[in-house]
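Listed next: structures, encoded as structure tokens.
In the two complexes below, chain A is the common chain; its partner is chain B in one and chain C in the other.
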Partner chain A sequence: MEEQDKLHDENQDEHHNEEKKQSRRKFLRDVGIIAGGAVAGGAAMYAGIHYEDSKPPSGERLKLLAQDGKLLEVDAHHVAEVHLPEGELLMKEGREGLPGHKWVMVVDLAKCRNARKCIDACQSAHHLRPEQYHINTLQMKESKKTAPYNMPKPCQHCDNPPCVSVCPVDATFKRGDGPVLIDNERCIGCRFCIAACPYSARVFQWFEPPMAEEDKDLTYNVELNVPQKKGTITKCLFSADRLREGKLPYCVSACPNGVYWFGDEMEDAVTNGTTKETVSFSELLKQNAGYQLMPELGTKPRVYYLPPKNRLFPFEDGIEEEHNG
Partner chain B sequence: MKRIMSYTRFVLLISLIHYFTISLFSEEWTVPTDQSDKTAPFLFTAESVQKGADLFMKNCQSCHGNPGKANYANMDPSPGDPASEKFQKLTDGDMFYKITNGRGTMPQFKMILSEEDRWDLVSYIRSFHTGYIQPEPEVATMTSSGDRATMTLLYDSLAKMVTISVYTVKNDVKSPVKGAEVLFFIKRYFGNLPVGEGARTNEEGIISYPFPEGIVGDSIGQVALIAQLNESSGYGNAKKTIMVPLGVPTEWVSLTADRAMWNINFKAPVWLILSYSLTVLGVFITLIYIALQIRKIFLIGTDYDDEQSEKS
Partner chain C sequence: MQYSYDQVASDLFRPVRFNKGHIIWLGILTIALFLCLYAYSIQLREGLGVAGIRDYVSWGMYISNFVFFVASSLIGMLMSAVLGLIGMKWIRPLTRIAEIIALAFAAVAGLVIISDMGRPERLPFLFLHGRIQSPILWDVTVVTTYVIISALLLYLPLIPDLAMGKKILTKPKILVKVYEILSVKWRGTKAQWDIIHRSMRILLILIIPVALAIHTVTSWLFASTPRVGWNSTIFGPYFVSGAFVAGIASVVIAMYFFRKNYKLEKYITELHFNNMAKLLVLVSLVYLYFNINEFLVPGYKLEKGDAIHLHDIFVGHNAGLFWFAQLFGMIIPIVLLLFRQMRKPFPMLILAILIFVASWIKRYIIVVPTQEHPFLPIQHVPSNFLIYQPTLIETAITLATFILVLMIITVLSKLFPVIPVWEMQEEAELNEKGGQS
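Our next item is the complex of A and B:
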């Protein structure tokens, strides 16, 4: 009985050894393949570099502007155009922004008469439903005896954005030139950012977006949020796509009453969307007692307000009735 | 009872608002006399009417509709039809002033349309007035397209001055323009920022312009200075740009340069990265430790089994 057991053990041992040998063989074979591949790859790369170098320098020097704005000079034959697929390019540009700028907006409350042209322009540009607002004009009345006024309220594009802090998937992000954008392809619809934003600037797509059918073949543009996507966040983007073209945001250029000033803090200049007048940004704030919304929160908004003094228009809605009637 | 009260109050409020609206906008839009007497610097022609028509379609039609068709927008106050009598009884100067400065819902076109464009608009609006006779232009030398002066800009790096010379060229003879007003602007991303007062050319048609201090430039202090002839001086609107290295250099620091809670993972605060990585590392070390301990127990067990089987 015992002998039989021993025999069985030996058999097993042999079998084990066999397995070991086989795995060693397999290992050696794998290493061989990898090493061979590496050598072949290296040789190919070397040949490639050698080929590039052996090309006679064309003598033509090209001046190129690097992404950070530095001027570089390279020989023409080293230059190859980079072709990114449209979607990837839009995403890359959208994440990087426009170096050298810091966008600011100034809203003159004295001029607003609730024409809502800014809202219309915004909603048609971003393919939104009529009840979805990237920018909205609110009817304000601070207390019983103070005078009511209209207040356009876009995203404040904070320099210390609480909405971005809470995003678990890096879908919403702050850009080096100011705007806070949202990438609808990363957004998982958790709505943490809606809860975090003290300005209620964010909108959730509960339903199929109104232009889903028309937009389905469009390449997603992170600077425009088009096509919109159900189950994700959409928000004011400071019209990042227009800034790239050197144009004022949709809302700013649509205003018929000269409410909005928009410009670059780096140049200390803002331009009025209606009159196209350009003035000094710091002077405008200084002379009109410009202020920010809820600065005590430390969010550092990029949108400034001018107080509703010497209003151009009488307040045209029965705001008192709603509260006292 | 309370309901009735609130209803009367509501009616009162609405009528009050209505009263104020009417009183605000029924105010006459008076034009200063010197502006009212202003005349166009050129004679209206079919060409100027055509140019005016194109401009009207682009800038005015959305509110004022097509002149003569009374299809203006339904707004309060009403924009009105430019072909109507109310418009046509204005002087040319009145029209020009109102287009230039705007009021309330009527936007100002000072920065949007050039003076020539605005006069072209007046000529278009006048084309709907059959009995209209244009007052004699004060500056009769000009036509709509203009007898234009040329301008050259030169930057003197030693004196830190920009020299502007204005001249007209006729039959290859350069003649300097005296007393022409030149306006200065700084080129900005969305528009041109006016700086300082305009300056007038001297006898030789030259202005020595000392660049104003405290103008923000790019990273090396370069600023694009624009000099433009004031159209009202009657020599067209020549415009030239020159790069001047006299601005205050500004350094752009990306708003995402600093470490912050809201920045990308790579730029999170150091304490956050450290505490997170240490926590994750700690959990894994504990798991590995537990696995090793289990293995140890297993080995003790097999050793014990071997001993037992050897004994038996």
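Our next item is the complex of A and C:
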């Protein structure tokens, strides 16, 4: 190294006055600096990555719950927060659901007095028109000899949903935790799902949705279906956004008459939306002769009904009898 | 046969030019089309709600029309492939007419389905996010395939005619140029004929399953749901047999007008109308058989849902349309066509128009009433949700699709001879030889 420097100096002395050569040397030196810088920078980056890998484990182990419900353990220094854009996150979470749960609803027909509070709460949460029902209360009369009764009818969130089978673009989908959701950013508006649904549970946005103007800056939440979009389907979501917060669905909480029980089939527990009482789901069905709507169609609904015993509520207006149920 | 070999080419190329009458006709069609497209622009702006469809009857005129278009397009397969392959010679002057009709209806059917979409701009999602489980995906696939094969079945036998035409036609220059390009240097060598014959044979065999598939899959759009009135195992053959009835009606109407306007009486003769009438009776009887199965079997048992559905279409508020469709689309033609006088061109035209209208109404009866009677009652909704009432706008949009079909048929039949020239020459040659020996 020393010798080289010496040679270098000698050369410099020798061509001291030759500007041409000097300028070439200057050029070479500049190139050298740039190249050296680049190499050094690259090396530093490499070293950095290498250091990150070779860094001794902090010793602190963290237990994390993966999205599929598996419990994982990782070293603390590897943990970093992931920032997804809000829309993407909502969509990702919304499509994946809440692992480890199977949501169910039980509707006690003996209790329903057609207060329609469930409908109001639902329509205001989902920004719907008065004639657009995610949940509707129907006046049922099965035969001339039986008394009529009120039947709240949300989407049945079938485990074998005909609507999902026929959807051509995966806009409507069945989640692992039970609900059948609709992604109105994917829906092409073919309405095959309306044709396929035996429970008439689906609603179409025939015109611009009523709150389109107010909602236009909101990020789309697939679990709430807000903002609603013209030319797409909207439907009952089992209030998936509320479930994520650990709350009961909008309709369940709004009922003044204790009609709704909602809970988790995997815990075999359902909670009454009005009394907040929690009971065994299977016992409730067994003791009250719980049933499903049109189980013969093989749709496997997740909504159960308790029969309308003590039908004491006369209807003021006539009821429509012409239906196939 | 009344035509000689020398006449054939001049007779059949004579109508190939646009005269004043046709330009006016096309002009009227274009203006009408733009009026109807204005209706579609309203639908795009306001939403599908400008049509009468609502949450319960959510498939109305558009889907009925789609089924009708797919049905009418099946005639190409019946005429060229089924009758052609079993060696029916009399259909030769009619095959091109049938193919033009098939192509026009099949191609426009794709547009009909777009008019029914709430979000037509998301059409590419079918390819980007398509789910193979959905019958819609199957329908898109087979209809596209059918359009391509039909176009080839129209084009391949046209090549020898194009080569002939570029010599016979003198003006307009642009048409001669088109003929020259499309005739792909056809010289009529044995090798070239071999290629045409072989590829035609392959296509004619291929189109049979594809045609059966397009209408069977279309019927599955309904039969794959649990709804009363659609939940039927015979919907596939029921739709296919009905399709032949509708398709023959379209061909008879076209035959009549081409024969009159293009002065083709020597080529499309009373014999052809007579034969088409017999074919019509045959397919109508098959259709009648499926109708008996479709209505009598559930009608005998009268399960709860079926009882309501059948009551509605037999004597309820859809009964008028139902009986019109059944009587004029099937039963009356079967009876009348037993008489020789009714198998003449003009009575055939009248019957064909009636069948055409009745066939459209039949599709409507298949699509709409089922949705007016869902399993659960329709309550607490505005009264227009209960009964489907088509609006002026959706009628105009539906009309637009018919105008498009007419335009395609008009243009194709003016650009090219509607009767295969070389096939007629072959016939004439055979006849002349036969006469000498």
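One rule holds for everything that comes next: the second predicted complex is superposed on the first by the 255 of 325 C-alpha atoms of A that agree within 3 Å, B and C clash if a C-alpha of one lies under 4 Å from a C-alpha of the other, contacts with A are read in each partner's own complex, and residues count from 1 in each chain.
Everything below uses one rule, namely that a residue touches a chain if its C-beta (ideal position, glycine included) is under 8 Å from a C-beta of that chain, and two chains touch if they have at least 3 such contacts.
Since the structure is predicted, the reported quantities are computational estimates derived from the model, not experimental observations.
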Considering only the touch criterion stated at the top, classify A:S165 as touching first (chain B), second (chain C), both, or neither. both
In the superposed arrangement, which partner chain does A:D241 touch: chain B (first), chain C (second), both, or neither? neither
Between chain B (first) and chain C (second), which does A:Q205 come into contact with in this model arrangement: first, second, both, or neither? second
Following superposition on chain A, which residues of chain A contact chain B and also contact chain C? 162, 165, 170, 320-321, 324-325
Applying the document's contact rule, which stretches of chain A touch chain B when the two form their complex? 69, 99-102, 113, 159-162, 164-165, 170, 173-178, 246-248, 256-258, 262-264, 266-271, 274-280, 312-316, 318, 320-321, 324-325
The residues of chain A that touch chain C in their complex are 131-133, 136-140, 153, 162, 165-171, 186-192, 194-196, 198-200, 202-208, 230-232, 293-294, 297, 299, 319-325
Chain C residues within the chain A interface of the complex: 46-49, 53-56, 58-59, 116-120, 122-123, 125-126, 129-131, 133-137, 221-222, 224-228, 304-305, 308-309, 371, 373-382, 385
Please give the residue numbers of chain B that touch chain A in the complex, ascending. 6, 9-10, 13-14, 17, 20-21, 24, 102, 104-105, 107-108, 110-112, 186, 188-194, 216, 218-219, 250, 252, 254-257, 260-265
